[in-house]
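After this come two complexes, each holding chain A, first together with chain B and then together with chain C.
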Partner chain A sequence: MAAIRKSRTISGATLLRLALLAALVVAFAIWNPAFISGRNLYALMQSFALLGMVALGLSLTMIAGEFDLSVGSMVAVGGLITLVVGAGNLVQGMAAALAFAVLVGLVNAIVISRFKVSSLVVSVGSMMALSGFAFWLAGGKVISTDNFDLGMALDDPLLTVLSWRSLVTLAAFLLVGLFMHYTLMGRDIRVVGSKPQVAAASGARVGRSLVIVFVISAVTAALAGSLLSMSLASAAATTGSTLMLQAVSAAIVGGVALTGGSGTPAHVLLGSLILTVMNNGLSLIGMAATGILFANGLVLMGIVLLDGQLGAWMSERLAMSRAANSA
Partner chain B sequence: MNFAKLIKLLLTTAVAGGLMAPGVAFAAAKGAKVILLTVTEECEYCALHQRAFKEVAAAAGINLEVKINNYDAAEQASQVDQAIAQKPDAIVLWPADASAIVPSLRKIKQAGIPLVITNSQPDEKYSQFWDVFTGPSDIGNGESAGEAMIKGFADKKLGSEGKVFIVEGVPGTPPQIQRSQGFEDVLGKKASGIQVAGKQNGNWDQTKATDAAAALFTQLGSDVKGVYAQADNMMSGVIVAAKRAGIDPASLVLVGSNCSIEGVNQINDGTQYATVLQSPIDDGKYAAQAVADLLDGKKVEKQIFLPHEIITKANVADCNAALGR
Partner chain C sequence: MAGFDATALGASLIRPERIQSTAVWATTVLFALWASFAVPGFSSSANVSAIMYSTSAVGIAAVGMSLITLSGNLFMLSMGATAAVSTILFASFLHFGLLASVILVVLIGGLFGLAQGIAVGVFRTNPIITTIAMASIITGAGSFYSGGLTVVGQGDASWLGVGRTLGLPNQILLFLLAAIVLSFIVERTRFGRELRLIGLNPKAAGFTGLRVGRTLVLAYLFAAMAAAFAGALYGSQAAQGNLKLGAGLDFDAIAAVLVGGVAIKGGQGRVLDAAIGAVFLAMISNILLLKGLSLEIQLIVKGLVVIGSVILGALALGFRR
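Coming up: the complex of A and B.
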C-alpha cells in the first residue's frame, strides 16, 4: 500500500516545474493583463499546437534512449507534401504526408535496430536527406495554395482559447500518454531507454519499441508541418528549422532525461507549456526576439542545474512529511 | 445554447462593423496604440525603414510597439494572434512571406483593426483584407532597372544586342517575381536584342549571389554583357564572381537595386553602372504617415508606391540623400 501510494505522488522535480509554470502565468498576468485575455491565450495555444506536437514525438525517442534529429526537416517535408500532393484536396495531401512519415520512421528504426547504428548518426542522415527532399519538393520557391477554407476552419477559435489545431495536439498527448501508461509496449519503451542490456535479456521488444518511437516521432512532426501548411496556406523548405531545438528544450524542461528511461508525455506537455507561456509572455511585454532566445537558454540551464539539487531536496522533504503523517 | 452564441456573435460582429465604418476612425493618431510587425533589424534597409517609421510615428504622437519575426512566417502568424489580443488602434505589417500572411490578414480584418501593409504587397485579390499598402512597386523597380540596362548598353557602346542574366531574391516572393517581370517587359518592348539568358537565386545574400553569378558566368562565358542583381548587396557578389572569372566588372552593365552602401561605393568606383533608388526611409515614412492619416480619419489611397529613380554615377548623391547619409 505504501509503495503504491508513493509511486503515484508527484515528484519534487515535477512540483518545481508546476510552480515555475504557475509563477510565469501570474507574473505575466500582473505585468500585462492582456496576457490572460481570451485572444492571447488563444495565440499561446496556437504556438503550443506546433511545438507540443513535435516535442511529443521527439521525446518518445529520448525516453527510449535514442534521438531523432530529423524532426525539423520532417516538419518542412510534411507541409510541402500536403500542399504539393494535396493541391486539389488538402486532406489527401495530409494523408500522403503521414504515410511518407511512417515510411521514414520505419527506415530509421530498422537501420538503428538491425544494423546497430547510433540513432544520432542515422537521424543526421535522415535530416539531410529530408532537407534535400524538401528543397526538391519546393522547386526553389515557396509553395502556396488558395484553398484557405480548411486552414481557417482549423484555426478559428473554439471556446475562445482553443482551435481544432490545438485540440489535435492535446488529443495526441492524451493518446500517447494512455499508450505509454497502459500498454506493455509503453513499459518496454521505458525499459529499453533505461537499461538496454537488461531490456534485451528480459525479452523487452527492443526492435519493435524503436519502430514505434521513430514512427511516432516522424508522424507527429509531419502532422505538425501539415497542419501548419494549411494554417499558413503556404509551405517552405526552411520551415521548422528551429523546431528541433525548441522541442528538445521542451522535453528537457518538462523532465525527460537525455539519458533515456525517464519522463512521460505529461512531462513533455508541462515543458511545452512552460516554454510557450514564457515565449508568449516575453513577446507580449515587448522583449526582442534575441532576448527571448536568451531567456529560453537560461531557463533550460536553470532547470537542468536545479533538477539534481532542489528536486532532490524537495523529494526528501516530501518523504519526511509523508513519514510524519503516517506515524 | 448554440443559437444564443450565434446571436451574440452576430451582434458583436455588427457592432464591430458599425464602429469600423469605412473612412471613420474612432482613435486619433495622437495617443493611439500601433503595433509594427516587421521582419528583421539585421539588414540595413530593414533597420532604416524601422527607424524612419519610428520617427514619423513619434512625431504623430503614436504609441508604438515593434515585433520582429526574422522572416519566420509561422512566428509572424503567432505575433498577429498576439497583436490582435492587445487590441491596438492599428497594425502595420511587413509580411515575412506575402502568401503565408493571408490567413493572418483575414484575422486582423475580422477583429476590425485598421491595417497598413508595408514593403511587400500580398496578391491584390486579397486586398479587401487591408486598408492601405505603402512601399515599392516591384514591377516599377524592375522596369527602372530595365531602362538602366538599356541606357548602360548605349553609354558603354555595347551595341543593341547581347546577353544578360538576373540574380534574384528569395524565390517565390513578390519582389523576386515582379522585379524580373518588370525588367524583362521593358527589354522586350524597347530593346529586344538584349536577351535575358539566365536567372539564379541569390536570396538577397551576397555569398549566395556570388555562387549564383559564378554558375552563370561559367555557363554563358564571354557572351555576358550585363547583369541585373535585384539588390546591391547581391551585386557585390556578382562583382566578386566576375573578377574570379577574369572579367572586368566595369566592362559590363551592372544594374543593382536599393541604393545600399555597397551599390553607392561600387557606382563611385565605376565597377557598377547603376542602381534603382528604393529608399528605406521613404518606405518607413510612407507607412507611418499612412497609419497616422488613417487614424486621423483622412482619406488614404489604397496603394501608395515609392518612386523608383535610376541612379548612375551622375546622380549617385541622390542615394545618400535618400538614405540619410
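Coming up: the complex of A and C.
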C-alpha cells in the first residue's frame, strides 16, 4: 500500500513539474510569439547548458544532505583555468580545470567528513579561497583567447535548438541519473542524506558518498565554466556570481528537499528547464537582469515557505476540506 | 562581578569550547606585537587608523551575524545585499540629515530582517535558503530603486565617514558600542539566554517553553539592522551608494564569526568572539597588504584561515573525548 502510494506521489510530482513547464512555455509564447522561435529556443538551451550543469552537481550534494556554496566561484575558476592553462591548447586547459576541480571536491569532502564540520562552513571557506584564486588568475582583466574553433564547434546548432554544449549537459544528466538510480553508491548517497544517523550503521559508505558528491559538484561546475569560456572565448573572475542562487532554485524547483535524501536528477532536469524558461521568458518580455534576480528570489522564497510550516499547514487544511467533502 | 577570580577566569579560558576564541585573542595580541616590530609601517598612526576603518563595518556585521550563528541557524546570507542596498538608501536619504538617514536605513534594514525572522522563526523555513532568496529579492528591489546607478548623497556624512572623537575614528567607536550592546543583550537578557538555549538544542527549546519564534525574529531583526548600519558606514565613507559597496559583507562577517570561535552548531560562543575575529582578519589583511601581497592573495588567505580555524575548532572540541 505504502509503495503504491509512494510511486503515485512521485509521478504526481513529475506531472506537476511538466505541467508547470508547459504552462510557462504556453504563457510566454502567447505573450511574445518570438519565444518559441528556433533562435530563442536555441538561446534558451544554451543558458540551460550552463545552469543545468551547475544545478546537477549542487543537487547531488543536497540529496546527500549537504550543501556546496562554492559552485559559483568554481564556475569562474574552471573557465579561467581553461583559458590560462590552455592558452595553446584549450582541451589541455579543460583537462587542467577538471583535474583541479577533482582536487577541490576531494579536499572539501575530506575536511567535511574527517573533521565532522558542516559542509556549509567548509564550502564558505573554499568559496572565498576559490574566488580569490579566480581574481588572481584573471589579474583584474577579462582573459580571452583567439582560438574560436572549439567554441564555434561547441555552439554549432544541432537540430535547430541544441548544440554540443547543451548535449553535454543533457548527457551529464543521463549519466548521473543512471548512476543514482542503478548503483549501490547512488542508494548510499540517498541514505546518507535522509538518515545520517543510521547511514553508517546500515552499511552505507558515508565518507565515500561525500567524496563522490563533492567531486561531482566541483567537476560539473568547473566543466560548465570551462565550456562557457570556450564558447565565449573569454573568462572573468566574476562569472557565475549569481549562478549559485539559480542552481539552488533549480534544484529546489526540481523537488530536491532541503532536508536531504530526496530528489532525482530527472526532476532537477525539469527544475532547471523551468527556471531557464522563466528567466528567458522574463528577459524576452523586457525584464532587466535584476528584475529576473528578484523574480528568482520570490520563487525560491515561495518554495521554502511551502517547504516549511506554511506548506504543512496548507496541506493539512486541504486534507481536512477533502475529508469534509467526502463525508 | 565583585571580586576578580583569576583562577576561574584562567580555567574558563582553556575550557575546550573556549580554546579557539582564547587562541584567537592571544594570536591577535601577539600578531600585533610582532607586526609592530617586524612589519615596517604597521604601527604608524595612519596604518592603525586604516585597520580600524576596515574593521568597523565588518565588525558590526559580524556581531550581528553571531546572533544568527548562536541561534543555530548558521549564517544570514542576505547581509551583503542588505548592506549594499543600505548604501544606496543612505545616500538617497542623506539630504534629511546624517542622523535621520542612518535611522531610516537601519529601520528599513530591520524590515528585511523581520521578514526573514518571521519566515525562519515562525514558518520554520530553511534558514540558509531563506536568506539566499531574500538576498536576491533585496538586491532586485534595490536595483529597481536606484535604477542600477550610483546614488550620490546630498549632505554632509563626514562625521560618520571620517570623523573622530578623542582621536579615534567614530566608526570604530560605533563598532565597539554595537559589540558591547549586543554582547550585553546576549549575555544578560532573557532573549539572549533563550537564543543560546535554542542554538544548543532546537528540539528541546520548543518543549521547554522557550519563545522560539519570537526569539528568532528578534535575532534576524538585530542582525539585519547591523548589516544595514554597516552599509551606512560604507555609504558615509564613499559619500555615495551602489550595489557593489558592501556586497561582499556576508563572507567577511562569516569569516569573522568562524575565526572568532563562535560554534557553528549554535549555542556556544560570545558576541565578542565575533568582534575579535573581525579585528584579527582586518589585521591579517593589513599585514599582507603591507607585505605587498595583492587583494586576491588576501582573499585566498582569508578562505584558508576560515577552513583552518574551523578545523582547529573541531580538533579542540575533539580533545574533550
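Just so it is clear, the second predicted complex is superposed on the first by the 287 of 327 C-alpha atoms of A that agree within 3 Å, B and C clash if a C-alpha of one lies under 4 Å from a C-alpha of the other, contacts with A are read in each partner's own complex, and residues count from 1 in each chain.
Here is the rule we use: a residue touches a chain if its C-beta (ideal position, glycine included) is under 8 Å from a C-beta of that chain, and two chains touch if they have at least 3 such contacts.
Just so you know, these numbers come straight off a predicted model, no measurement behind them.
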Query = Between chain B (first) and chain C (second), which, if any, makes contact with A:A99: first, second, both or neither?
reply = neither
Query = Who does A:W136 touch here: chain B (first), chain C (second), both, or neither?
reply = second
Query = Does chain B (first) or chain C (second) touch A:F115, or do both, or does neither?
reply = second
Request  = Using the touch definition from the top, say if A:A29 reaches chain B (first), chain C (second), both or neither.
outcome  = neither
Key: Which of chain B and chain C A:A43 touches, first, second, both or neither   = first
Query = So which one touches more of the residues on chain A, chain B or chain C?
reply = C
Key: chain B versus chain C as contact partner of A:A233, first or second or both or neither   = first
Query = Hey, what residues of chain A end up touching chain B and chain C alike?
reply = 242, 288
Request  = Can you check the complex and tell me which residues of chain A touch chain C?
outcome  = 67, 111, 115-118, 120-122, 124-133, 135-136, 242, 244-245, 248-249, 252, 258, 288, 290-291, 293-298, 300-301, 304-305, 307-310
Query = Once bound in the complex, which stretches of chain B touch chain A?
reply = 65, 67-70, 72-75, 77-79, 81-82, 84-87, 97, 99-100, 102-103, 106-107, 170-173, 201
Ask   = In the complex formed with chain B, which residues of chain A make contact?
value = 34, 37-40, 42-43, 46-47, 50, 138, 140-144, 148, 151-152, 155, 228, 231-234, 236, 239, 242, 280, 283-284, 286, 288-289
Ask   = For the complex, which residues does chain C have touching chain A?
value = 74-75, 119, 122-126, 128-130, 132-141, 143-144, 148, 251, 254-255, 258, 264-265, 294-304, 306-307, 310-311, 314-315
